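The following pair of complexes shares a single chain, chain A, combined with chain B in the former and chain C in the latter.
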Partner chain A sequence: MSILKTKNLSFTYPQISSVHHATINDISFSLDSGETIGIIGHTGSGKSTLLQTLNGLIKPDSGMVFLNEKDLWENPKEIYQKRFKVGLVFQYPEYQLFEETAYKDIAYGPKNMGLSDEEIDLRINEYSALLGITEDNLNKSPFELSGGEKRRVALAGILAMEPDVLVLDEPTAGLDPIGRTMLFNAIKEYQIKTNAGVIIVSHSMEDLSKMCDKLLVLSGGEIKKFGSVKDVFLDSAELNNLGLDVPMVTRVMLELKAKGLDIRSDIFTVDEAAKEILNFFSQSL
Partner chain B sequence: MQSSFIEVKNVTYKYDEDVENQVAINNVSLSIEKGSFTVILGHNGSGKSTLAKLLNGMLKPDKGRIVIDGLDTSKTENEYEIRKRLGLVFQNPDNQIICTIVEEDVAFGPENLGIEPKEIRKRVDEALSLVGMSDFAKAAPHQLSGGQKQRVALAGILAMEPECIVLDEPTAMLDPIGRKEVINAITRLNKEKNITVILITHFMEEAENADRVIIMNKGEIVADSEPLKVFSMSDVLKSSGLSLPQTTELLTLLKNGGLNVNSGIISPKGTADEIFSVISGR
Partner chain C sequence: MIKNFTLGQYFNTASVIHKLDSRFKLVEIIALIVFIFLAPNFVGIGILSAAVLLVILLSKVPVTMYLRNLKPIIAIIILTALLNIFYVSGGTVLFSWWIFTVTSEGLLKAAFMATRIVLMILISSVLTYTTTPTELTDAIESLLSPLRFIGLGEAVHTLAMMMTIALRFIPTLTDETDKIMSAQKARGADMENGGIFKRLKALMPILIPLLFSSVRRANELAEAMDCRCYTGGKGRTRMKKLSPTFYDFIAIIFTVVICASIIFLRIF
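What follows is the complex of A and B.
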């Protein structure tokens, strides 16, 4: 079932920042419960703008957003409540952190939802553990945290609201490998528990190929492609034209193919690639 | 006698005086040659940004000494001369971008150095063009996307033309092609203008062109050598919470699977070349 849907969504910033049109144009797609969609696109392609229309931070000029089949803007006074249901983690965690301590920052959303202190404490402990936030860091001011530590706190604050749709703007930027793995696992676990839909913007093709069911490619504010991870990564030349790339290991397979080896190149993980190459080698002996 | 451009000697730094066990930088020593390209890797909270701020004198060591081009960072009177020589691009561009128009912001640094207006104009145009942001010269910073801000912050430091640039995760928000462009631009500055580069990153593959890779773990330096050597130290990488790029990981798997490849390669093209030459019998 579709949990979030957009129909012919368009938006232009009232003041345009350059000769380029600062818009998103005619965006239609649909996200099912339990599904994960990755959004990729060059710098300035409109990814963050699109995400902000999904939780009502930006009101589109035209087109519609449906949450659980209902118009997100049916009652503009209630738009604030919608942000508990569509949880957005900002591109820069600093935009989201302003309380005295990291603990209070994570509590902020759940508190506004009217949850009891007891429930809030439970959730904070659960999601901090899931993301590897230490007790020490929970008591620090967010300004006293390193870049990656801040990001973890910002993520925990949104997870703790337990939204129906999780919208993440470059959530792995600045995270170390362990942090990235923890984030993937946290999202998976959360999805299993709640059947939430997830939308992730990322520049890491490696991360997206691990996490997503589908990919949506944005360029100049428009959808250039929307399909399975495999379909989207198949056309590496087109992706390069759009400022994007395929995962590193896919690039290796493509290079091998270009050298004349009769080898598969629709491969996105290291394990798969190793298997394919070793297989090819033993057959060619 | 000072032979290297940066000398860090037994430096310890603690943010909070009162907390006994929390040392952000623990007895670190390091010297960096003029014109070298160093990459710093390390887990979240390992002390990378703290070290960067110690280098430009924003933070002063609690113990030990840092000398930049003969200037001790703990002496306040050296502040100006140090900033002139060593430019730090912050991890979060919002901490760096202060003016309300992009080109004014890029001009801010050179203005403070007392550069004459004509030269500033030239440098601002060059820097914005180098990071691909010329079209946005008149824009307001708050109207920029995340990656655009990151490019502008970089331009601001480039326009000061410092002898040494310290970059704190400058490509974290860039698309794959943009990342390559920025790394190439930095590499060119290093090779052609002999600018000393210290690059902090979580992308191992950006270390490929470096002379040297340093790994930090809990405030200490745990590895310091050329890239291929460091990437083959699997125990250190593991205990420091780091993982190899996909290419190196693939080569390692192939090696374990009986294919006689050299596993210390990072670029996809180099990796494919290596696999091809082994498969086709060298």
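What follows is the complex of A and C.
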């Protein structure tokens, strides 16, 4: 069942705005529960604008967003309630932390939802455990934490609202490899537990190929391609035209194939590639 | 959110007004503002209105941009006008009700004051639309430079540098405010509803991160300036030297003529 669907979504920022913002035009796609969609596109392709229409931070000029088959803007007065259902994690979310302790900061969203203190406490414990936030850190000021720890607290603040759809704008930007893996594992675990739909914007094709079921390619505010990870990455020429690339390991496989090795090139993760290469050698030996 | 915020906004149309030496431009515009308040009668205001209109047209900045700057002060203009209408007596009584009396003199005075304020806003908008913040602070620094003779040279430079940095960071901070507001709204912050106390409280999640990131930015900027061996004003030279041109010559004459005519009107 589709949990989030957009139909012919378009939005243009008012001209007077001094900062340049990207527009989006005629965006239609749908996300099922338990599914993960990755959005790729270079800077200014409208990714951030699109994300903000999904939880009603931006009201589209035309087109519709459906959440659980219901129009998101059905009742504009209740739009802020919808934001609990579509949890949006902004780029560098650690800059939104403000409370005295990490614990209180995670509680901010759930408190706005009007949950009871016991329920909030339960959720904080659950999600800080999921993200590996220690008890000790929960009682510290968020400003005392390291960058990676802050990021996890910010993410916990969104997960604690238990959204049906989790939308992440470059969640791993600026994190070290361990931090990346940890964050992605936590997102996956959350998805398994709640069967939430997940949308991830990222520039890392490697991360996306690991995490996503489908990919959506944005350019100039329009969908250039929307399909399975395999479908999108197989068309590497088209991606290159848009200033994007396939995962590094796919490039390696393509090169090997070009050198005349009888090898599959529809491979997008390192594990798969290792398997295929080993396979190739055992066959040729 | 904060989209129609135009303070310190440069609008480049590369007009003759843009090309004027910012030091002279600043002095000329200050002179015009002073003389707007010295103008004794409608003839004077008429001359100044014509002058301001000419400058606005020469600047090639769309008139709507100027009108937008008038919007926030409409209330002040109306209040001033109303006060004048009711408090100024003299002339023929046009209308009278309870303690309010409207006289022809009052109406004229109100129109006079309103025009003054509008002209002042318009001419100062010319300055901000046609002069980059950097040019403006360069002008201020240059005009204040005689203070070095009383040992305030370094203070003048520091002041100018502080102004440049402050102006430079206005768009950055508005952008940042927008982002933080969106992030908190995504967590269910409700800033549109509720009483004043509730709304003030709802501001904390925005102000604290904003304050924190401003301090962080200030630190980063200080480090970046250190890395480029910034040591204050001493021995510092400029990439863009201000130098007057033929246009400045015309602008000075223009301003002098306008001001002289106002003085003439005041004396005779």
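FYI, the second predicted complex is superposed on the first by the 275 of 285 C-alpha atoms of A that agree within 3 Å, B and C clash if a C-alpha of one lies under 4 Å from a C-alpha of the other, contacts with A are read in each partner's own complex, and residues count from 1 in each chain.
Simple rule for what comes next: a contact is a pair of C-beta atoms (placed from the backbone, for glycine too) under 8 Å apart; a residue touches a chain by one contact, two chains touch by 3 or more.
Note that the structure is a prediction, hence the values are computed from the model and not measured.
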Does the chain A-based superposition show chain B and chain C clashing or fitting?
clash
On the A-aligned overlay, A:Q96 touches which partner chain: chain B = first, chain C = second, or both, or neither?
second
After superposition on the shared chain, which partner residues are touched by A:G174: those of chain B (first), chain C (second), both, or neither?
first
Looking at the overlay, does A:Y108 come into contact with chain B only (first), chain C only (second), both, or neither?
second
So in the superposed three-chain picture, is A:Q283 touching just chain B, just chain C, both, or none of them (first/second/both/neither)?
neither
First, second, both or neither for A:F84, with chain B first and chain C second
second
Count the residues of chain A touched by chain B and by chain C, then name the partner with the higher count.
B
Of the two partner chains, chain B (first) and chain C (second), which one does A:T43 touch, if any: first, second, both, or neither?
first
Superposed model, chain C segment overlapping chain B, candidates 224-232, 242-250 or 260-268:
224-232
Chain A positions touched by chain B in one structure and by chain C in the second:
17-19
Touching residues of chain C toward chain A in the complex: what are they?
3-6, 9, 68, 171, 175-176, 179-180, 182-190, 204-206, 208-209, 212-213
Under the stated contact criterion, what part of chain B meets chain A in this complex?
15-16, 22, 42-45, 48-49, 91-92, 94, 135-136, 138-140, 143-148, 151, 169, 172-179, 202, 205, 241-243, 245-247, 249-250, 253-254, 257-259, 268-269, 271-273, 275-276, 279
Residues of chain A defined as touching chain C within the complex:
14, 16-19, 52, 55, 57, 80-81, 83-84, 87-90, 93, 95-98, 108-109, 112-113, 143, 157-158, 161
Over in the complex, which chain A residues touch chain B? Could you list them?
13, 15, 17-20, 22, 40-44, 47-48, 91-92, 94, 136, 144-149, 152, 169-170, 173-179, 203, 205-206, 240, 243-245, 247-249, 251-252, 255-256, 259, 261, 270-271, 273-274, 277-278, 280-281, 284
